[in-house]
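Both of the next two complexes hold chain A, though its partner changes from chain B to chain C.
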Partner chain A sequence: MKPWRNPGLWLVLALTVAISVWPALASNKAYTREVSFTILKAVALASSLNILLGYTGYVSFGHIVFYGMGGYVGFYLLDVHNAPLYVAVLAGGLASGLIAFLLGRAILRLRGAYFALATIGINEAARAFIKNFDLFGGPIGMSLNFNVYKSYGGPNQALWIAFISMAALTLVITVVSFLVKTSRFGLGLMAIRENEDAAEVMGVVAPSSKTWAYVLSAIFPGMVGVLFFFKNGNIEPPDAFNLHQSIETIVMVMLGGYGTVLGPVLGSAIYQRLRGLLLVSPLFKNIQLAVAGVLLLIIILFMPAGVVGWLRSRFGALRRVLE
Partner chain B sequence: MTGQAQTPILQIQAVSKHFGGLQALSNVTFDLPEGQILGLIGPNGAGKTTLFNCINGIYPPEQGHVIFRGRDITGWKPYRVARTGLARTHQIVQPLNELTVLQNVIAGASFGHEHHPLSQAREIADQVLTFVGLAERRDALAAKLNVAQKKRLELARALAARPYLLLLDEVLAGLNPTEIAEMVDVVRAIRDQGVTILIIEHVMHALMNVSDRVIVLDYGEQIAEGSPDEVANDPKVIEAYLGDPKLAQQMMLAE
Partner chain C sequence: MLDILVASLADGLLLGFVYGIAAMGLSLIWGVMDVINLSHGPIIALGMFGVYLAFNGLGWNPYLTLLLVAVMGLLLGIVIYGVAVHRVLNAPHLSTLLATFSINMIIIGVGTALFTTSPRNVDFSLGSFSLGHITLPWARVAAALAAVLVTALLYLFLYRTRPGKAIRAVANNRAAAELMGIPASRVLALSFGLGTMLAAIAGGLISTFFPFTILAGGRYELKSFVICVLGGLGNPLGALIGGLLLGALEGIIPAFIETSWVPVLEFVLFVVILLVRPSGLLGSKS
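On to the complex of A and B.
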């Protein structure tokens, strides 16, 4: 089936576009833009992680390392070399992809919990390294010179540019996620997820398939990192390599439904709305990670296939629409 | 060299493999001519599955060579072996549980020997599913199949690769007599399409009617080889099975 003939693709795109145009229609545009940016960023991170976690079945706990690394590389280019935003974004994605390629060869031999632990170790090691890396500002990090925003028509204009870029990038990621899922490459990944040994016997070249899945799932977080820290104006090791954010991304994938294209989009939207509500409550503000943990437990126990998986099994007719 | 027999499709040359102190295969040597069905029998733990694993690269043999279509494939990774046109089924079925039956078989067609793009793989998968009698279950998740259906799926996935050589590991085990008869028909039909078959069975009588030739393994040793009749009457073979009176009896019944 041609991809554009698949209603599943259109549903995912419609949802992503709806989140993106919402600020243009809202009365408080600046505020809504920030909320929408946060959701889009979550969608982008979750959909990227889903290529590895959902399609390939490898749980990467420290996936945020690619967001941090890409963010740092892009930020450095923006700050020190006055690079245009798009160059910084591409460089950030490239850097993360390259790191994943080099790491992947080594750690993708590990399976299950060993792989998950290794990814946490890598994130912590990256944070420690950057803390001592003077070129990137060491423990203090870097701050953008205000003049950088001038070339984008001032800080306010720059915020809109960051937002629109984020929306476009998220759209690209959801399309890529769909194309991967419906391709031969994606079928190979899912075969690996279901039974790696059997997949190899069938002819799936697991080592290289896994590596490319890992690279793909790392490139986009790298680009997202650049956009976020450009908007943020400064970058520091704790923000770039925040394990909490990594775990929240896993929760969003699981909540929506791992291994589906729509799942991470829906899961991110639901989780971010929930988080927004909890953050205003003083009671929940300090325990939001605990809430995420409990939520993850509930999903795994009662809805292991997530919202999309549940809908698919409950309403057979929806299968054609929910990819 | 005209007039000589054609090179066998598979040559097993002095293959040995041990696990710790256990000699699972010692010096196994045989040729498999193209177009034949070769039965491999032997009591439980004789090393039959281990031999398959050495052939398709699950692990390399410690000694000896595996020559497939004139090429030494000893120690190649399973995915590389698969691409040369050798497919296998597993004694313990290995369905891709959360994928549909159709997706399982498409994967077999698109990653195996002929490496088809998805659209063509889908056509092949449809044909193969009809051939093994699983067509009406094509949209079910593989996890939902019963044992007999899972065995068929295992076979369909291997067949979809359109291999030159098919290794079948106890595809008849756990089936009832009707299912066995159906499966035996399927195996014969595969051979009639020109595929060479090496088939493992734990008990002998099931293989008597399909095999052109039979090899008997016992404790990793090749104790007999010949036509099904010759092997069934070989005292060494009967002795090997004597530890298991029930099996010995089944062998006699098969005559």
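On to the complex of A and C.
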């Protein structure tokens, strides 16, 4: 079936576009833009992680390292070399992809929990290294000079540019996620997820497939990182390599349904909205993390396939629509 | 130069014993049921707060309080096993990782609301003593002795008692142990409890010489990972030796390069060992 004739693709795109145009329709545009930016960023990170976690079955706990590394490279170009935003974004993505390619060759030999532990180790090593790396500002990080925003028509205009770029990037990621899933390459990845040895016997070249899946799932977080830190105006090691954010991304993938195209999009939207509501509720404000933990536990114990997986198994008719 | 090196090495080694029992908890759970307990750090932090609350609120001696902390840690672990781990024990690794991480989020969430994240410390001093040029606080020595005692008791339990032997049997082959009439679920719950007990004790010991917050456990959890990989995952004695090794490294490295580089080396070492010898430096070759 041609990709554009699959209703699953259009459903995912429609959801992403709906999140993106929401600020334009809302009354409080600046506030809604920030909420929408947070959701889009989560969708982008979750969808790219899903290529590795959901399709290939490799649990990367420290995936945020690519967001941080890409963010740092792009930010350095913006700050020190006054590079235009699109160059910085591309450079950030490229840097993350390159790091993933080099790392992947080594650590993708590990399986299961050993791989998960190694990714945590890499994230922590990267954070500790950047803290000592003076070119990137060491422990205090870097801050953008306010003049940088002038070439984008002032800070307010720059925030909109960052938002629109993030929306466009998120759309690209969801399309890529869909294309990977329906391609021959994606089938190979899913075969690796089910049984790596059997997949190799059937002719899937596991080492190179895994490496490319890893690279693909690293490029986009790198680009997202540049956009976020451009908007943020400063970058510091604890924000860039936040292990907690990394695991939250896994939670969003699991909530929506791992290994599906719609799952990470839906999961991120639900999780971020819920988190936003908890943060402003007087009752749950202080224990929002605990509430999120209880939610995660309930999903893991009773709905391991996530919302999309549950819907697919409960209502057979939806299987054609929910990819 | 040599004096400083010897002093910081002694300091690091004493701390290494405490790292060792924290890692032993992680390693025991891993060895028995193939679960990486991501709620390890918050439980270490709860151990710290147990000692803190008993000392500041009730004026109890921190070292006697450790007994209570140990019992609470054991019970907490059994509860966590029953609620979060048991159902997903046979599911893929991602499920147990996330289930224990959800416990991590719950403890940190409630803990932050109750205790905030401002630093605390247990203001209880045993004084210090000098040996040649080296001055060591007694608290470190006491912690190291307690760690050795705990290790010895754990070994006696695992090798000399029936429940301990049952734990080793289940670790070895769960299906065969069940066929021999060992109630595997109860044994697994007990092992999980022992693992969290060790974490809580380690936290209690650390609280006697370092300030801490509810988030402080994360650091020691990461160190425990490094140590487990050094000593071989699933090998309790290896964990103690790994802890000493890490303590020694932390003592020696700052003499040659800046302290801030220590974590870089630690984690690079961690990843390299995982790649080269996933069974650990001291683990068996299989």
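The criterion applied here is as follows: the second predicted complex is superposed on the first by the 310 of 323 C-alpha atoms of A that agree within 3 Å, B and C clash if a C-alpha of one lies under 4 Å from a C-alpha of the other, contacts with A are read in each partner's own complex, and residues count from 1 in each chain.
One rule holds for everything that comes next: a residue touches a chain if its C-beta (ideal position, glycine included) is under 8 Å from a C-beta of that chain, and two chains touch if they have at least 3 such contacts.
If you're wondering where the values come from, they're calculated on a predicted model, not measured in any experiment.
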Chain B versus chain C as contact partner of A:D197, first or second or both or neither: first
Touching partner for A:P84 - first (chain B), second (chain C), both, neither: neither
Partner chain(s) touched by A:A118 [first = chain B, second = chain C, both, neither]: second
Touched partner set for A:G154, first chain B, second chain C, both or neither: neither
Which superposed partner A:P238 touches (first chain B, second chain C, both, neither): neither
First, second, both or neither for A:A128, with chain B first and chain C second: second
Which of chain B and chain C A:G276 touches, first, second, both or neither: neither
Per-residue touch tally on chain A - higher for chain B or for chain C: C
Complex contacts: residues of chain A adjacent to chain B: 183-184, 187-188, 190-191, 193-195, 197-206, 259
Residue ranges of chain B in contact with chain A within the complex: 56, 58, 77-79, 82-83, 87-88, 90, 94-99, 103, 106-108, 110-113, 115, 117-118, 121, 157, 161
Contacting residues of chain C [partner chain A, same complex]: 34, 36, 83-84, 87-88, 91-95, 97-99, 101-110, 112-113, 222, 225-226, 229, 258, 260-261, 263-264, 266-268, 270-271, 274-275, 278
Footprint of chain C on chain A - complex, ascending: 53, 57, 59, 61, 106-107, 109-110, 112-114, 116-118, 120-122, 124-125, 128-129, 131-132, 139, 247, 250-251, 254, 286-294, 296-297, 300-301, 304
